[in-house]
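Which chain is which? They are A, B, C and D, in the order written, and residues in each are numbered from 1.
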Amino acid sequence: MWTWFYRLASPPYVYWVAAAATPWFLSLSVVAIGYGLIAGLVFAPPDYQQGDAFRIIYVHAPSAWLSMFAYTTMALAGGIALIWRIKIGHAVAAASAPIGASFTVAALVTGSLWGRPMWGTYWAWDPRLTSELILLFLYVGVMALRPAFEEPGRGDRAAALLSIVGVVNIPIIHYSVVWWNSLHQGATVARLGVPKMPGSMLWPLLSMLLGFMLFYGAVLCIRLRGEVLNRERQSAWVREAIKA
Amino acid sequence: MMSSGFWSMGGYARFVWPCVGFTGAVLAWNLWAARRHFAAARTRSARALAMAASDGA
Amino acid sequence: MHVSGPNGTGKTTLLRVVTGLLRPEQGVVTWRGKSIASTPTDYQNDLAYASHEPALKGDLTALENLRFMVGLRRRATSQELRAALDRTGAAGCADLPARVLSAGQRRRVAMARVLAVGAALWLLDEPYTNLDTVGCAMLSALLVEHAQKGGLALVVAHHELSVGAKMRHLAMQG
Amino acid sequence: MSVGAWSAFVLVLRRELCLSFRRPDQLIQPLMFFLIVTTLFPLGLSVQLSLLREMAPGVLWVAALLASLLSLDALFKSDAEDGTLEQLVLSGQGLYVIVLAKTLAHWLVSGAALVLVSPVVGTALAVPLSAFPTMMSSLGLGTLALSWLGAIGAGLTVGLKRGNVLISLIVLPLAMPLLIFGAGATDRAISGTSPVGALYLLAALCVLTCTLAPFAAAAALRITLE
């Protein structure tokens, strides 16, 4: 069973699988995002409280979800690489970080633009946005640590350890921010998000979530191939991969 | 084609459309940056291989 | 065992792999029939390592440095530690802060630590560096004595060793 | 023959304290930093006591976090430079115990010292006398927890030449819950409500970091030594 697993995680295998999977992920994500956008922006009814401003959720929520998913992926891949010494895990973690960080920025910008009509200001230290901001800082830390070492293997392992420490901390950070927010603001500020949705609003959202995940898969595959090439420059199989 | 009500988003147009635009830009940037990252890695590997070949010759 | 070879051939790397600080890319290091990665504590209790750096704190005296470093390994009295310093010719340094010692004196103090720990396996990285003629002779005598007691020593040095026929030799080339 | 974990702990702790007390200037520097930074705020804002009192918890806490973080950079650095760290790793003692002792020693000379001078700063920032116990206990728990977190950062950046900014970048986001609960407790004590809840949460975080962080820091040291 282990030999099978190691072959699955071998760089050439991963390289070819990623190459084959990219167009599938990409085309399916275009379909899902296309349906979600049209159904969400055109056909879904406006929210009874927020009007059409609630439609921002169709881009905000998938970005926020992806920012956390990419961080978890990064920590999991790093953990696997650290514990079982499967080097491909470091490549996955390194590929995942910039994608996750970019969607964290997207979630922050869209959340802030959503906040303007809801709160009357672009930034109200809403607990979810504050946690998102700290998540961005965590990404920055991991991304700054990896290239800081002269020897790449060491940077990979250090970044993996830091991302695991971060993943343990994320729930603590989130709950402390919620506690802090309730201490200072009370419940006067409307929370972003729509608690109960009818199907006509929910299905487009789920489709957008799926589409963003597929898009993440596609971009991860492309970046992963680059990371694998960078790490395996001496290997014999790279010669054939480059020619193809 | 489509009613002006759609584009005005019930008066929230100046919040909704920048959000959609920004997220679209992030998606596009990701695709572009990933492709560039891969292309750079490929050229680097090719150069390293070429150098190894010339050393062997 | 004497490992020699030109700079950059991996002598220090080999030594660090043998200490267990570095994991080997391939293969396993075993000690008394067990892999050192599986029983690191047992292995470390049998081992004394002296790297390029003498691992001394400048603000502590040579004796205090030894008392700490040896103290982590076994209970040692001040007499024992002073005896070890005396044996390596660093008795005069015992109560001086390590900061004022010369490089050769530090090397002698580091050697006294290896001696005082009382381990079976010595791993020494360029132990002859900075030592004068008397110091080199002292070190060679220590190695012979250690071998006679049944101890093992892995010495990395580009220097020729004059410790008799008991030494095996591994020359590394690039 | 061999030395138990507890005696090794005591040995490392005593050595670290002994080393710190032979360098008193390095003991005083973080304290002076703490005093100077907290002095900057009234100069930059206003000397209105009511405003200062409202700002006090945040100012105290941010200054304390930065002050203890500044000295944390050196936690493993000198040991790594002179080869002591390799000897510690190979000493046959668990690295966990050594990290625990070194970090505790660091807190005793930095965090605990900050707690002792905090009444002076508190008075200058118009913190009422009744809030002093909460302020001091929360600072004590918070800087202790920060020391454990900082040990991870120090372990990760120990091999780097310019790790000082990086360690702040790594540790500060992780330390935000400490700031929130610590400043929150002080804030409540100043306004006269019960700070017990926040203090308990802070203590829980302190216990949690104390048990988990030394493992992570030991793993970090192994990575950077390898």
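As a convention for this text, a residue touches a chain if its C-beta (ideal position, glycine included) is under 8 Å from a C-beta of that chain, and two chains touch if they have at least 3 such contacts.
Small disclaimer: the values here were computed from a predicted structure and weren't measured.
For the pairs A-B and A-D, output the one whose chains share more C-beta pairs in contact.
Most C-beta pairs in contact, of the two: A-B.
Comparing chain centres built from Cα atoms against the global Cα centre, which chain wins on proximity?
Smallest centre-to-centre distance to the global C-alpha mean: chain D.
Mind checking the centre-to-centre distance between chain A and chain B? Centres are C-alpha means, answer in whole Å.
Computed value for the inter-centroid distance: 15 Å.
Between chain A and chain D, what distance separates the C-alpha centroids? Give it in angstrom.
32
Where the CA atoms of chain B average out and where those of chain C average out, how many Å apart are those spots?
Here the centre of chain C sits 56 Å away from the centre of chain B.
How many angstrom lie between the centres of chain C and chain D, each centre taken as the mean Cα position?
Roughly 36 Å separates the two chain centres.
Quick check on chain D: which residues sit in contact with 2+ other chains?
Those would be 226.
Going by the touch rule set out above, what shape does the chain contact graph take here: line, ring, star, complete or other?
line
Where do chains touch, given as pairs?
So, checking each combination of chains, I get A-B, A-D, C-D as the touching pairs.
Which part of chain D faces chain C closely enough to touch in the complex?
1-3, 7-8, 11-12, 15, 18-19, 22-23, 78, 81-84, 86-94, 225-226
Within their complex, state which residues of chain C touch chain D.
Within the complex, chain C touches chain D at residues 19-23, 41, 44-45, 47, 49, 51-57, 59-60, 64, 68-69, 71-75.
Write out the stretch or stretches of chain D touching chain A in their complex.
The touching residues are 152, 156-157, 159-160, 163, 166, 169-170, 172-174, 176-177, 180-181, 184, 201, 205, 212, 216, 219-220, 223-224, 226.
Help me check something: in the complex, which residues belonging to chain A touch chain B?
37, 41-42, 46, 51-53, 55-56, 59-60, 63, 98-99, 102-103, 105-106, 109-110, 113-114, 116-117, 215, 218-219, 222-223, 225-227, 229-230, 233-234, 238-239, 242
Residues of chain B touching chain A in their complex?
It is residues 2, 6, 9-12, 15-16, 18-20, 22-23, 26-27, 29-31, 33-35, 37-42, 44-46, 48-49 of chain B that touch chain A.
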